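Two complexes follow with chain A in common, the first pairing it with chain B and the second with chain C.
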Partner chain A sequence: MADDKDVLRDVWFGRIPTSFTLNQDEVTEREAEPYYLLLPRVSYLTLVTDKVKKHFLKVMRAEDVEEMWFEYEGTPLKWHYPIGVLFDLHASNTVLPWSITVHFKNFPDSDLLHCPSSSVVEAHFMSSIKEADALKHKSQVVNDMQKKDHKQLWMGLQNDKFDQFWAMNRKLMEYPTEEGGFRYIPFRIYQTMSDRPFIQRLFRPVSPEGNVHTLGDLMKEMDPAALPNDGEPKRYQVVIHGIEPLLETPLQWLSEHLSHPDNFLHICESHNPPSPVLSSVYISTPPTTTPPLLLSEDLFIGREG
Partner chain B sequence: MNQPGLRASWPTRPAVLTDPAGVSERSGRVLAPGGGGRSAESWKKDIVRQLKHRDLSQHAMFQDLIRFYTQLLEKTSLAKGILSCSVRRPSSDSSSSVSSLLQRNNQLKKTTGELAYQVVELQQQIKIKECVLEEQHARLSEEERRLAGVLDARQELQERVGQVQEKNGALKMEYDVLLERQREAETRLREEKVKEGHLLEDMIHLKKQAAARMNSRNERRSRARQANLQKELQTAARSKVTVDSSSSAPTSRSTSPKKENHDPESTEKPHTRLFRSASATSPRILNSIRELFDRKRRGHSVCSLEEDLMCPVGICVSARVPVRARQALEAHEQGINAVRFSSSSDLLATGGTDRVIKLWEVRAGSLTHRATLEGSTEGVTCIDFNPTGLKILAASYDKSALLWQRDESVPKLTLTGHSRKVTAARFSSLPHQVVTGSADRTIRLWDLHRAACVQVADVPSYCSDLVCSENSIISGHYDCKIRVWDTRTVSCVQELPAQGKVTSLDISSDHRQLLSCCRDDCLQLVDLRRWSNDRMCFRAEGFKCGSDSTKAVISPDGCFLAAGSADGAVYIWNFSTGKLETRLPDQHSSSISAVSWSLSGEHVVSVDKRGLAVLWSDI
Partner chain C sequence: MEPQGGSSATLTAIQHHGRRRGRKCCSTALRRSQQSEQVSCELSAGVFLSQYPRILHSPVRHKMTSTTSHMSSCVLDEQNFYRCCCLLLQQSEQLNDGWSWEAVQDSEEGYLRKTTLRSVVINSSTVWDLEGSSSESEPSDQQAQESEQSVPVALDEPDTMEDDTDDDDDEDDGVCAVSKGNSKVLQYEYHIMYSCSYSTPVLYFRASTLQGRSLSLEEVWSSVHPNFRLRLQNSPLNTISLQEHPLLGQPFFMLHPCRTEEFMRPVLLAAQEQHRPVNYVLSWLSVVGPVVGLDVTLRYSQLHPAASISSTESD
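For the complex of A and B:
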C-alpha cells in the first residue's frame, strides 16, 4: 500500500534538529561555535556525529581530547539507544532545536558504554536484529541470511540508504499469513519516571481468541497505569517516533511499520503535561513569548554577523 | 516555516508534538474507540498525519536554517583564515604609489643589471664548459683507443688462457695417470710388504726350527759323547790290561817303524814291517797304543790336537786280507757310488744314486743298518768321516756338499757354491775345514764355523777326487795329472803325471803313500816324502777300472791295496811285494764302484753299481 510505504519513508527520514554546544568546562584555545545538525531518528549518536567531533576538535588541544560523549540537561545520552528514543524520552517537551552538550573528558563509565569505533555500533545493531528475529521467527529468517545480507542491513543504516536497507529488512517483516502475525512482538517500553531501563516481555500480536492485539492492549498488559481511566485526562503520553499513535492501532502493523531498523518497537512513555495548562499556554503564549523569540532571533542574527 | 506565527510559537511552546486539532481529534477517538462510521484505517491516517506534522515541525522547519548556518560557519572559518593571513599585508595608499613605483623601477633596473652580469658569467661558463667538453672528447677518443688496445690484449690473454687451460688439462690427465700408477705402485708395495712380512715370519719360523734342531742335536751329541765315555769307562774298568808276550811282540814291532817314520833323520826305510798274524782289535788296546805314541804325534802334528784328545783314533796295527764274503745285501735301491768306514769305530757309510747315505754297523760279521742320512737332492758321489767319526761329509750331484752329525738324519750344513756336481769332499787336517772338488774345475775350502767358502782354487781340469794331507791338498784330474796344493797359499806346488784319467786318490794313514787309480787299469803308489818320479804300479790280469770314479784304497796298516774291478771281483795287492795278494770274485754281478777297509783291518766292504754291498772278512 502506498500509505504504508510512505509511513516507512517518513519513519526512516525522521530528523531532529539539534544544537551541539561544547561543555563550558572544556579547555579550548578559542571560543567554540555551536554546531547544528539534523539527526536521523533511527540512527545512533556516535554514528552521525563525526562532523560534530571534527568541528569541536578544531578548537581543542589534542592532549585534552578523550572519548566524546553527550549530555542533555545533566543526563548522559546512551549511544546504544536510537536517537529518536533518546529525544522522545528525555527531550520530548523541550524547545527545538534539541540542545546537546558535548564532552571530551570525565567519561561517565557508570552510565555509558564506551564506543571506540563504528564496529561496536554494528555489533550492537546486529545483535538487536537477531534478538528481534528470535522473538518474531525463532531466528529462522536472520539465520537463513548470509553474511553479506547482514552487511547490507548495516550498510543501509550507516549510509542512510532507505531502499538498500528495506530490500533486506522486508524479509524480516514477513510472517505466515495463517498465523496473522509474528510469534511475539519485539518491543521495548521506556518510562521516564521509572528506574529500570525498559520493559520487555513476550507479547503475541493476536490473542488466543483470535482477536488482533492493539497498542492499547499492550499498554494495558504492560503498564495499566499508562492508560487513562474513563473520563480522566490522559496522564501519560505513549510516543513512538515522536508521534502518539491511536491506542486502537493494531500492534502487528505497528511492529511492521513503526519499528526502528533494529526491528524493535521502541515505545516511550512520558508524563503528559496537563491539557489545560497546555491549552492555556498555547492560548496565552503569543503576547508573552515575543521577547524570547526576538532574543533568540537576535542571537541568530548575531551569529550570522 | 512559511508561517511566521507558527515559527514564533515554537520556542515558547512546550514540546507538544501534535497540533491542537490533532489532540482534540485523537482524544475524541480515544474516547470512542472503534466508533461506528469511522474507517478501519483511521488510525493509520492519524499516524500518517502525525508523522507529516512531526516532520513539518521538526524537520522541514530547521532543514534550511541548519544548512544555511553550516554554510555560514564554513564561510566564517574560511574568512577567518584569509584574514589572519592578510593581516600583515601593508596597505598601499595612492600618495606613496609613485615612489614605490620608482623604487620598483630602480629595483628592476638593478635586477636587469644583475641579470646581464649573470648572462656574461653564464657565457663564460659556457666557454669553459665547451673547453672542458673538447678536452673530454679528446680524452674520450684516447680512452677509446686505449680500450681497443686493451681489448686486443684481452683477446690475446684469453687465447693464452685457453692455451694454458689446455696445457693444464693435459697436465691434469698426466697427473691422473701418474696418480693411478702411483696407486698401483703403492698397492704393489703393500703387497710386497705383506709378502715380506710373510717371508720374514717364515724365516723366523725356520730359524726357530733350525735353532731347536741345533739345540736337540747338540744335546744328543753331548749325550752320545757322554754315553760313549761312560761305555768306555765301563769297559776300561771291567777289562784288565794283560798284555801277553804274543801280543806285545807285534805291538813293539809295529811301534818301532813308526818311531823311525817320525824320525826326520831316517829318510830311507824299506817297507820291511810285514806281519799279519796279530792285530789289536780292541779299541781299548788301540787307545793304550795310541797313548804310547801320543807325545810324539803331538810334537809332529799341530792340527788334530784337540780332537785327538777328545776322541780315540784307531790305528790299525795289522790288516788282514779277507778271504771270503761274510754278507752280501742289497744296501741301496740304486747304484752305490761311495763307501767309507769311520776312522774311529766300526761304522760304515754308503751313499748312492738313490740320494741317501746309510750308516751300518759291522757287528758279528754282518752289517746292521743304523741310520739313514737324508738331505741330498741328487746322488751322492763321495763320503768322508771326520777323525772323531761324529761328522759325515758327503759330496753330491746337486752341486753341494753336505755335513751331518752322525746322529741326525738331516744335514747340519749344506755347502753350496759349486756350479757343477761335487765329486769329492774331505775333511781337512784342520778340524773346522773341509775341501771339496768339483766338475766345475774348482777346489773350494770351506770354513765350517762360518759355513762359508773361504778359498777357491781354479784348476785346469775336471777334479775327480782329492785327499788332504797336512797343509796340502792333493787332487786327481781327468787331464791325467795329480796336483798338490798348498792350503795356505792355495797354489799348485807340484804336478805329478798319471797314465790316465785319475778316478780316485787315497792316502795312507801315515800320510806317506799316495794311491791313485787311473783308467789305464793301473794303481799307482807314490811316496810323498820323496816326491820322486819312481812309483810303484800295481796291475793284475782281469783287473779293469770300471768307471771314472772307481775308488781304490790302501789298507789301514798300509800293507795292502784294494780295488774293485769292472768284472765284479775285488783285487788286493801286497804293498811290499807289488804282487796280487788275492782276488775275491763271485759276489758282485756288476762293476764295483768302491771298496773300503775298516780301521781295524778285519773287514773290507765293496759296493757296486746295482746297489749291492758285500762284507768281506778273513774268517
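For the complex of A and C:
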C-alpha cells in the first residue's frame, strides 16, 4: 500500500506563510498589527486561526465583534475547503506571504457557511471522509470503524499528528489487490473561471479493459478543454498541493498519496500562465513501481518534522 | 435552457439531457407514461406516506443490510434519477404543485426545484426575535425543553405519534399539531439533486423570513416537528446540516443522504415482491420531505402510475 511515506509526510507538512490583516472598516480602539502564521495546507482556516482571532480581539470592543471570516482580494474564503485548495485556486501567483484580510462583521451569508465552533469543522471533515469511503469501498471501511477510530482521524488532523492520523487512515486506503484500486476515485476539480463550485463525478481507477487510468485520462473526461492539443501551448495548470503532477501519473497512486486528509483528491485547474516557481523545479522519479511525481520546493515552505 | 420556460420546455430540456448523454431514458419514460392507460399498476405514494415514521426508524434495517443479494435493485443510478424526476415533473404539472426543473448552465446536470410559503408554529417566540435586534434567547435551551417534553410522548404513547402523522397528511394542516405558540410565515426553497457518491437523491433547502433574512441552523431545527427532531438529533450524524450547494456554491441546508439507502431498501424490496412499480424519487420524497415541512400530496397516488424503475447498477 502506501510505501511512499515521504510523499505522505511532505503533503501533510506543507505550509503556506500567511499574513492576516484586519479589514480597514473594522472599528478598533488602537491600530491592529498584522499577524503572521504558517498555515498547514491540509487543514481548515477556522481550525487554525484561534490565535489570529485572539490577536485582533485585543484591539476591538466586544460589541463590534461578530463571526470572524476571511477574504482574499475581494473573494470570501470558504473555510470548508482545505487551505491549500484555497491558495492554489485564488492565490497561486501571489507574492508570499499570502495576504488574507480578516473581517468581524457583515458575514457574507450567501457565500460562506457559518462556522460557530470546531465541532462544525469536525462534522464537515467526517462527512467528507464518509463520502469518500462511500465511493472507495461502498462505506464498508468507515462503517466498520468504531467511534474512537473516527475520533482518531479527527484528532490527528486537529492536533497535526501525522502518525496518529495515518495509523487509522491507512485502512481507508486499502483495496483488494486483484481490483487494482478503489471502486471509484474520490476527487473534486475546481476551476478558477467557473461559476460552479467544483466538478465531482464517478470515475474508476482502472478502465473496463484493465488499463490504469491516469490524471490525464481524468482531466480529458471531466474537462477536455483543460488539456492542450498537440503543439499548442498549455492554457491551464492542473495543480494538486501546489505542484503540477505529470498527467501520466496513475490516478490510483495520486488518490492514495496526494489526497487531503478528508480522503478527496482536490485538483485545481487555473487559467493563469505557468509561474516560474511551479514549473521550474522538478524531481522526477520514474521507476516502474513508483509513479513519477513532480515536486516543487514551493510546496513545502516551512516544512517541519 | 430556460428554467422558467414552463413545463413543456422543462420536459424538453430533460429529454435533451437524456439524449445528450446518449440515454433515451426520459423520452422512453415519457412515452410510457403517455400511454399510461396500458399500465395497470398503481403508484402507491399514499402507502409510503402513511408508513413513513416506521420506515424512517425501521427496526429491521440492520437485518435488511444482510440481504445483499437483492441490493442491486435498491440503488438509484443517475439515469434512473433523471427518469424519476421526469415522471414526477409530469405529475406535478397535472397536480399544479409547483415543481420545476432547473438546468445548470453549460452543464448537463440540474435539479428539481420548488418554493413554498409555510406557516411554522413554535412553542416560544424567542428564537424568532432575531429580526430586529440581537437576541438574548437560548435556542438550544428551548430545544432541549421541547425535546424533553416530547420524550414521554415518543416512548410511552407511540400511537400518539402516528395520530400526529395522520394529521400531517391532511393537506392544509401543515405542522399545526403543536397548537400553542406563535406562528410565522416562512419562505422555503427545496432542491432535489442526485448524489453520485451515495447513489441517492438528496434534499437541499433554504428558508427565510418574508423580510428576506435567512434562517439559522438552530431555527431550522426548531421548526422541525418535535417527533422528528428527537429522532434525528439522536442519530450519530446530525441529519440536517449547512452545506455548500454542489451546483450553486451557496449555503443550503441538507438532509444527509448516508442513511437513505437503508430506509429505501425495505420500500423497494416490498414493491418488488408485489411487482409494484415505484418512482424512487417520489417515494423517497414522501419519506424525507415532511421532516422539513415538504408534504407530498396523496393525489400523486391517484394519477397515472409510474413506470417501473429498475436499476442497472451491478456492483
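We adopt the following convention: the second predicted complex is superposed on the first by the 269 of 305 C-alpha atoms of A that agree within 3 Å, B and C clash if a C-alpha of one lies under 4 Å from a C-alpha of the other, contacts with A are read in each partner's own complex, and residues count from 1 in each chain.
Heads up, the rule we're going with is that a residue touches a chain if its C-beta (ideal position, glycine included) is under 8 Å from a C-beta of that chain, and two chains touch if they have at least 3 such contacts.
These numbers come from a predicted model, not from an experiment.
J.: Examine A:Leu38 and indicate which partner it touches, taking first as chain B and second as chain C; both and neither are also allowed.
T.: It touches chain B, and chain C stays clear.
J.: Using the superposition on chain A described above, determine whether A:Ala123 touches chain B (first), chain C (second), both, or neither.
T.: After superposition on chain A, A:Ala123 lies in contact with chain C alone.
J.: Give the label of whichever partner, chain B or chain C, reaches more residues of chain A.
T.: Of chain B and chain C, the partner in contact with more residues of chain A is B.
J.: Using the superposition on chain A described above, determine whether A:Lys148 touches chain B (first), chain C (second), both, or neither.
T.: A:Lys148 contacts neither chain B nor chain C.
J.: Can A:His241 be said to touch chain B (first), chain C (second), both, or neither?
T.: After superposition on chain A, A:His241 lies in contact with chain B alone.
J.: Kindly classify A:Asp6 by the partners it touches after superposition: chain B alone (first), chain C alone (second), both, or neither?
T.: The answer is first: A:Asp6 touches chain B but not chain C.
J.: Contacts for A:Asp195 in the overlay, against chain B (first) and chain C (second): which applies, first, second, both or neither?
T.: Only chain C; A:Asp195 stays clear of chain B.
J.: Looking at the complex, which residues from chain B come into contact with chain A?
T.: 5, 8-18, 20, 23, 26-27, 29-30, 33-34, 41-48, 50-55, 57-59, 61-63, 65-66, 69-70, 72-73, 76-77
J.: If we count contacts the way the header does, which residues on chain C are in touch with chain A in the complex?
T.: Residue positions touching the partner: 104-105, 107, 196-198, 214, 216-217, 236-238, 241-251, 256, 258, 315.
J.: In the complex, go through chain A and note every residue touching chain B.
T.: 3-4, 6-7, 10-11, 13-17, 33, 35-38, 55, 58, 91-97, 216, 228, 234, 239, 241-250, 253, 258, 273, 275, 278-279, 281-282, 285-286, 288-290, 292-293, 296, 303-304
J.: Quick check on the complex: what are the chain A residues that touch chain C?
T.: Chain A reaches chain C through residues 78, 80, 109-114, 123, 126-127, 130-132, 134-135, 139, 147, 183, 186, 195-198, 200-202.
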